[in-house]
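To keep things simple, chains are lettered A, B, C, D, E and F as they appear, and every chain counts its residues starting from 1.
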């Protein structure tokens, strides 16, 4: 059985994924700060808009203006999509856990429905999880949110910070388990030359074969580019 | 004394096990996400169905449809078995601990009995354990569940995530102690070439001799294949 | 002063110990799962039975039938000893702390006395300790239990899981302090060849000289064999 | 889209940043004690004063006199700016959390407004975070403070101590996530020669391309100098 | 100023200490189990008895008989000293914290006084500290106990287990701070040969110069022997 | 601007510091036990007395007699200074937090004033911090104490134990942040030769240039000597 694919908008990444993310998958993009997680997530939405798909950005940190400015700094103009009601930003303020849960349960489903979103980004689940001091609340909120996303038929990208002490795990150790796919972004430094090499790998991708090779990528003026054809060294 | 064997359905693995899992054993399959634990578990059930044995998949994450889709992506069609009531999925929603215990104590035994299951999978005990914030609840629930499984005469596979800080222990450090056998799946990366090598080893297997060698395996379009004849390097 | 010795039943181990465990010692056999702790413990009892000594197996996990099956898989038939009331299994169910303490304080002494046991095994103290969520309870229960064992004049083997983060300590960091002797079983892997080498060493043994060398051992069809004469590499 | 730049005042650093910090960014300068974080932060303000921009130093540790003395030790005379009401120090005493929050919410906005500050330094957010024993208070206070800073249009530098066990994370693991940019200062010792090499790198900088190379820097009598043209080794 | 010395009874150790422990010092002998701490402590008392000094052994684990048996296994006969009331064992049962404190405060001073002890051993402070679940109780009890020992004019040896994760710290991280001197015993294994080398070093010794070299030692049939003249390799 | 200097009394150290500690600085001297922190601190006071400056030793562990004995063991006779009321010891008993705070707030200021102390030592802040089980109490007490010291115009040395798991941080991770300067003393062992090399480095020193090189030092019969001219290897 072959699965429908959602192109990522990132050059070279679709190649590693046999054509893109499987449709309706939830993908965790993990990495430490500065590895381009947000850039890759916006790029994923920009690709969707290019294909005429309505897109939503759920933000824990930046507001609509900031997201549009960040996109603009890569040459992506989101204004037409905003005007055409094809692109929306749902801002979750860092308030208390209760308000957050209520908004996710009542407002968010309406918001997603009103756009008919085909692609959704949550940036970042780490900041979302920080709203909850109780681990059970954290887990059940995230699992419910993923259920909600899956039920809409959309394909989703969750950005997640990695743990300090283990850069292969997300900060809360939750997203990688509930997600259908996991991408890991890393910045490896070469102490000799003083250079830093960004690398990406696919740690998990349900229901599809995928490359397990580690590939270098760059953050360019036109967004993230994965050098899928390049060997590491 | 020679023990009866249950073939695993995984090429090369039976060879490491002197013919398969000992009958009525509980086997923990441990590994980080993306190492093919779920694939191996479904494959174990598919082998059972091939031999005419009724099978059950206890799922903490994916529903019946997802499990069937995943199987289908490897070319395994579970529809006939579902229709013949030879295959069932028991979904445990991530709700509260109390409900979970009740369902495990009352519904699950009836469910297993109604199928006369010879093979059972729990995917994953890590997510099951997450239901319990109290460590004692976690332990006694898991131990009781294993007692239940043993009493049915079935052979069972429990998938378990490994600890971040110690990839040879399960997340809760419980399954490997109560299980009769433990398989460890690992993804070792070769930083030089950027390649990742999947390896399997048998850490524990009660009441049978077994290989202690580390063997490479692949996740192919037809499921997991262990290269038991291959040397590591 | 020379101490009386209790032969371990394990080829090569007695040699490392100048003849066996000192009589009335409590020996902690520590190791991760799959290193043969239970096998070595049963073997210690089988040797006792061979010498006509009554033996007791205190089990936290397996029942009498399982213990007998495990022994049988190594060719040791415990049936005659059971029939002759020379061998008994005391099963401690994983229930609450209070019940466990009560059974250890009231039932166990009678049980040991009724057999006149010369050799006792507790498999495992790690699971026993798990019964107690309070560290003080854990400690005082274990210390009292050891006092009880010492007062009977028996020689005892306690199996203990090792800590994930430090394979030279038991899970609770208790048994090695109260025990008179400590054996450490380890599985060291050679990443080059993919092979795993089992090794044993004596970390502590009160009131006797002992070898401090690390020795390889195997788990064979006839139980554990220590290659005391072999050099490691 | 090109962003407006704020020159850092640190030779060589602007070069790594394509001209300076993006305007209105919040920059976390992370490093262990003794790496010159405070020096770099004061230098950033001195550059602002040189360009006629009002500046504010929010201090958790040193009072106005100490800050002026430290500046003076690098040859920077802040007296004229203080007299001209172009430079102000806002001292937050290490008192209780409640008083701290009240002062930040009521006094600080008035203080910033009264100066019309274009550049703000908080030295250090680690000491600020120490005021709060509750992690939620810590997070929401820091996030609110950053919102306040962003709303003023100023460009801000937050100094942050790094974690003992992971010198790439701030002590609280908060500042690097909410900040728009992160600089990491490190003191690497060469055990052979007994020398210590100070290095700087840009871990994150939103909405701008930036160098990812590790560059050596020195603390001279005229402040911090980054050797942007130098190779590491 | 030269300080009076107390010979340790351990061949080679006095040499490292410029003649012995400074009189009235409290010495922590730290090491993991099996490194001969108890042996060295008893040996220290045997040396005292040889010189006609009354000695006391404060035991948390073994009773008088066990201590005498252990001594006897090294050829030291304590019976005459016991009969002459020159040697006493004070057993502290592992009961509750309150009883322990009371016994230490009321009984122990009388016990020490009744013997006029010149040398005191506590074996082990780690087990003593385990009596207290509250860290403050642990600390103040230990500090008070040390004050008591110092006030008697005796020279004391405290055995202490080391931390699993840091073999240079005692389990509670207390004894090494309050003690006047610290000896560290270690068992270093040579994986190549499978041999284990015991080593001793002096980490701290107030008011005296001392060797900082690491020296090998053996546990022989006549007790601990430090090879002070030997080079390590 | 050049700062007034306070000579340390330690040969070679003043050279690394461009003449001594900046006047009125608070210096944390960090190191594990046995690295000579107390010796260096007393030496700092002895130098002050030599220059006619009144000095105070705030002790958490040793009383006046012990401090004088320790000094005497290095040939420093403090009796004349004690008689001339130029040297005082303020002993803080390890009692409860409340009493400690009260004494620090009320008695200590009077004590310092009565001596007109120019140099103050606290030995050790780690033991002082142990008085407080609440982290906030610990921090605010230490910060208040440092404010008190700074207000007196004295130059102060605080000795601090380092963390087990990170020998570059003090046990509580507080002193190095509030102090104006930080010295790190380390004992590095050379496993090959069995020798231990003591080294010192300046990790931080506000308002002055300083060497960042690692220098060897010795503890001699006349106190600590830093070999500032020597290369490490």
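We take it that a residue touches a chain if its C-beta (ideal position, glycine included) is under 8 Å from a C-beta of that chain, and two chains touch if they have at least 3 such contacts.
As the structure is a prediction and not an experimental result, all values here were calculated from the model.
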* Between subunit B and subunit E, which partner chains are common? -> C
* Asked: Counting shared numbers against all numbers at the contact of subunit E and subunit F, is it over half, same, or under half, different?
  -> different
* Can you give the whole-Å distance between the Cα centres of subunit C and subunit E? -> 30
* **Intercentroid distance (Cα basis), subunit E paired with subunit A, Å** => 59
* Set of subunit E residues in contact with two or more other chains -> 165
* Can the chain contact pattern be summarised as a line, a ring, a star, a complete graph, or none of these (other)? -> ring
* Following the ring of touching chains from subunit D through subunit F, in what sequence do all chains appear? -> D, F, E, C, B, A
* To do: Using the touch definition up top, name the residues of subunit C that touch subunit E in the complex.
  => 1, 3, 135-136, 139-140, 143, 163, 165-166, 168-169, 173, 176-178, 182, 199, 201-209, 212-215, 231-233
* To do: Write out the stretch or stretches of subunit E touching subunit C in their complex.
  => 32-34, 38, 61, 69-70, 72-73, 75, 94-95, 124, 126-127, 130, 133, 161, 164-165, 187, 189, 191-196, 198, 219-221
